[in-house]
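Both complexes below contain subunit A, partnered by subunit B and then by subunit C.
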Partner chain A sequence: MAEWIRACGVDDIDTEDVVRFDHGGRTFAIYRSPDDKFYATDGHCTHEQAHLADGFVMDSIIECPKHNGRFDYRTGAAKGAPVCVNLATYPVRVDGDHVLIELTV
Partner chain B sequence: MASDAAVIIGAGFAGVSAAFAMREAGHAGPITIVGDEAHLPYERPPLSKGLLTGSHTGLMPIRKAADYAVAGIALTTGASATGIDRDRWRVELSTGHALAYDRLLLATGAAPRRLDLPGSDAVTIHTLRNAADLARLQPAFAGARRLAIVGGGLIGLELAAAARQRGLAVTVIEAGPRVLGRGVPEALASVLAETHRSNGVTILTGVAPASVSAAGVALSDGRLVEADTIIAAIGVTPRTALAEQAGLAVAGGIVTDNMLQVAEGIFAAGDCAISAHPLFDDAMVRLESWQSAGDYGVAAGRNMAGQGQPIGVVPWMWSDQYDLGLYTAGVPAAGATTVDRIEDGLVTQFQLDPSGRLVGAASLGSGTSASRGIKIASRLIAARAAPDPGHLADPSRPLKALLQ
Partner chain C sequence: MKMSSLLRFATNRDYSLVGPEAARAIEKGLANGEWYKSPIPRKRLKELMARSDGPALRDTAIWLGLILVFGGLGIWLWGTWWAVPVFAVYGVLYASAADSRWHECGHRTAFRTVWINDVVYALASFLMLRSPTAWRWSHTRHHTDTIIVGRDPEIAGMRPPQLIIMVLNIVGLVNVPQSLATLARYSLGRLNAEELDYIPEMERWRVQVEGIVILGIHVAAIVVAIGTWSLLPVVLIGGPNIYGIWLLWWIGNTQHLGLAEDVLDHRLDARTVYMNPVFRFIYWNMNYHVEHHMYPMVPYHALKALHEEVKADCPPASPSVMAAWREILPTILRQLGDPSYFIKKQLPPGAGQLPERVEATHG
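Our next item is the complex of A and B:
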């Protein structure tokens, strides 16, 4: 069953930045893009499991903290070596001051 | 030049990255990688980390076997290049075969320095560079109780951390006045040394090993470090013999220009090469890091495909010890001014050259927390920026603002 879960507050993320969100034994990365939209992906890099919340956001790209692998956080697409497996993404909506992500529980 | 064949000597990260980059850059001729190890090319960093602690098993391939076939890259493993005949444009192999080349890449990497002391013929002194070394070290680790590590560099300290995680008693013997004397600022090295000590590692500095025996390592000051297993982690030397035999320039590495070219048709990249770096006034730089081996490999592959671009990448390195991650970028200049930035659980040092330009940075923090500041520093270095030292030092002012 899908459920909307509060991940963080709108003001908890700077524009062009990322934060970590843990829920139900899983971990996610929540992004705020330069054009002020919110996105969510799995928290761990598909290469060697570094947490992307320590990564660096530029435009629509998250660069992994460990080996600098890159993903488009809007689609989860891996952008080349060393990452080759895409990231899972999750629907996000903003409700007032809250950023919600849709998870299947 | 009918076939336009490329030969790559060395199946490490630099060689493999070059082969794929060359293909992606449009090279249509044959590409052959020759590697003297028997394995599908694999990543080295896990050798001193998860593969020793046991948190990982199995070598981690750089690319899947199928990727080589898809890209049309021939992989000849278990064979070494024994000579380069530059007049006939051929590489001679240990198998007795020869390969014709129009473009050649030397990506032979580096080999660990051996510890040559009285007694070293009679006992095993391990080194760790490749899968064969790991296969010897793993069973020794499993049976070991007391480990002596000669050398307090990054590999020595990663080994110490892995050994403590396995419950071994560990002594690190470092001849210099402190660990990580090469390339890691003292402010960060002292935090790492303290972490090792609090994890039970004995670190001895300013003392050299004098001889080895079944009892352990005897020191120059007469003390004995009792050990049943000894590892030398005293640095590496670039593998340049092949280049020297072929009459190529070698000076602390195979000498390349800032497009990674050595001579007509011949390129070099990775740990074996010393290259002029355009971001640092073409200073000659030799790097020993995973990221740089990959970045330089890619740059060499593109230039072998005809792109002719000077390297633009900023050197980047990381190391994991316990739950700490060390990240560095750039090339610290001699006589540089340093600026320290101390944040919650994060120590960062920036190096500015005499004109105020940022040339290097290093940061240490838990997990991967130190990475972001170094990514920002790396971009500032690439932009030849001279950031305000007051801003760098002030933890209340975000580093990212310096990029605007």
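Our next item is the complex of A and C:
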């Protein structure tokens, strides 16, 4: 069953940045894009499991802190070696000051 | 028993990626481990990680411009003694400087624009006789498992040191034949067991294509040299890996040589060395090597600033390349008889530690 979970406050993420969100034994990365939209993906890079919240957000790209692997965080698409497997993404909406992520629980 | 006593009885190790040390590294939690990072406020780190095309476009224009100028001058002066100093500069720009361009663009941090990174990466790989794909994956593993025996394919300073090979490589006499043989093998579509360990299946076809192209161009240069009975084609193409690699050997070997193996702390297995501006241009600031390994997302032009942020948490940097070699040389000479010996870098008082630091059981 899908459920909207509060991931963080709107002001917890700077524009063009990422924060970590842990829930139910899983970990996620929540992004705020340069045009002020919010996105969510799995927290770990699909290559070697580094946490993307330690990475670098540039435009619509999240760069993994370990090997500079890149994903489009809006779609989860892997953008070339050394990442070859796409990231899972999750629906996100803003409710007042809160960023909510839709998870199957 | 004290660690130092254990170290005295350590034996030679198997550096292959498919031997018993590989299994041991996984068993001990050294493979794909959690590395120590000196703390930096997120806001400051974001500033340091910021990308731009400007510095690398400027530096690449100067680099390629100088290669063209000195190459052209060398062709013009060919047959005179004036060609010798001209090609000495050309060779260093071609071979020694290409390594750092290969490295930075491989990380895709030099330029903000991805395709420019990829073009310069391909060019620099060609200059260095490297398959871009095979070396991208090799270097990826080097960052995952830096100087972890049985995991890192880029350990330059194995123990005991292969001193003759090291010396011969001042003029590429082992590296160049090895690189050409490797490219020939790639062009036949053959990867060895170690390469199969770190190059994913979906990328392997690229390695073969790159092997054919890179080797083909170098063979063509040799054929033209024989056909024209002139060394000029190979002095221009490929040859710099013989006569122009010495500077990379001199500055690049300071990265990890003589330091600890099997630790999850780059402050102990990498070395930061202060260098003059010319060397730093040639080397694209890779002398800040501890910093690069800690934060590979920081582009080369911000590494000096990163160094200022973390230096209080790191062992003191070597004050010069010569100073680095003053600690490396006695160490590798001693390792000839005692392969367990290594330089144990001292962290400054109050420096951060890994939550559960993995000690250097083999140094």
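Keep this in mind: the second predicted complex is superposed on the first by the 105 of 105 C-alpha atoms of A that agree within 3 Å, B and C clash if a C-alpha of one lies under 4 Å from a C-alpha of the other, contacts with A are read in each partner's own complex, and residues count from 1 in each chain.
Throughout what follows, contacts are C-beta pairs under 8 Å (C-beta built on N, C-alpha and C of every residue); 3 or more make two chains touch, one makes a residue touch a chain.
Everything quoted here is computed from the prediction, not taken from an experiment.
Participant: Taking subunit A as the common reference, can subunit B and subunit C both be placed on it without clashing, or not? Answer clash or fit.
Facilitator: clash
Participant: Residues of subunit A touched by subunit B versus by subunit C: which partner has the larger set?
Facilitator: C
Participant: Give one of first, second, both or neither to describe whether A:D12 is in contact with subunit B, with subunit C, with both, or with none.
Facilitator: neither
Participant: Check the residue A:A81 against both partner chains and state whether it touches subunit B (first), subunit C (second), both, or neither.
Facilitator: So A:A81 meets both subunit B and subunit C here.
Participant: Let me test your reading of the model: by the given contact rule, A:K66 touches which partner, first (subunit B), second (subunit C), both or neither?
Facilitator: Both partners, subunit B and subunit C.
Participant: Let me test your reading of the model: by the given contact rule, A:Q49 touches which partner, first (subunit B), second (subunit C), both or neither?
Facilitator: second
Participant: Let me check the overlay on chain A: which residues of subunit A are in contact with subunit B and also with subunit C?
Facilitator: Looking at subunit A, the two contact sets intersect at 55-56, 63, 65-68, 81-82.
Participant: Within their complex, state which residues of subunit A touch subunit B.
Facilitator: 16, 50-51, 54-56, 63, 65-68, 81-82
Participant: Which positions of subunit A touch subunit C when the two form their complex?
Facilitator: Residues 14, 17, 48-49, 55-56, 58, 63, 65-68, 70, 79, 81-82, 84.
Participant: Please name which positions on subunit C make contact with subunit A in the complex.
Facilitator: Per the touch definition, subunit C meets subunit A at residues 32, 42-43, 46, 49, 51, 107-109, 112, 114, 133, 136-137, 140, 143-144, 200, 202-203, 295-297.
Participant: How about subunit B: which of its residues touch subunit A in the complex?
Facilitator: 17, 20, 290-291, 294, 316, 318, 367-369, 371-372, 375-376, 400
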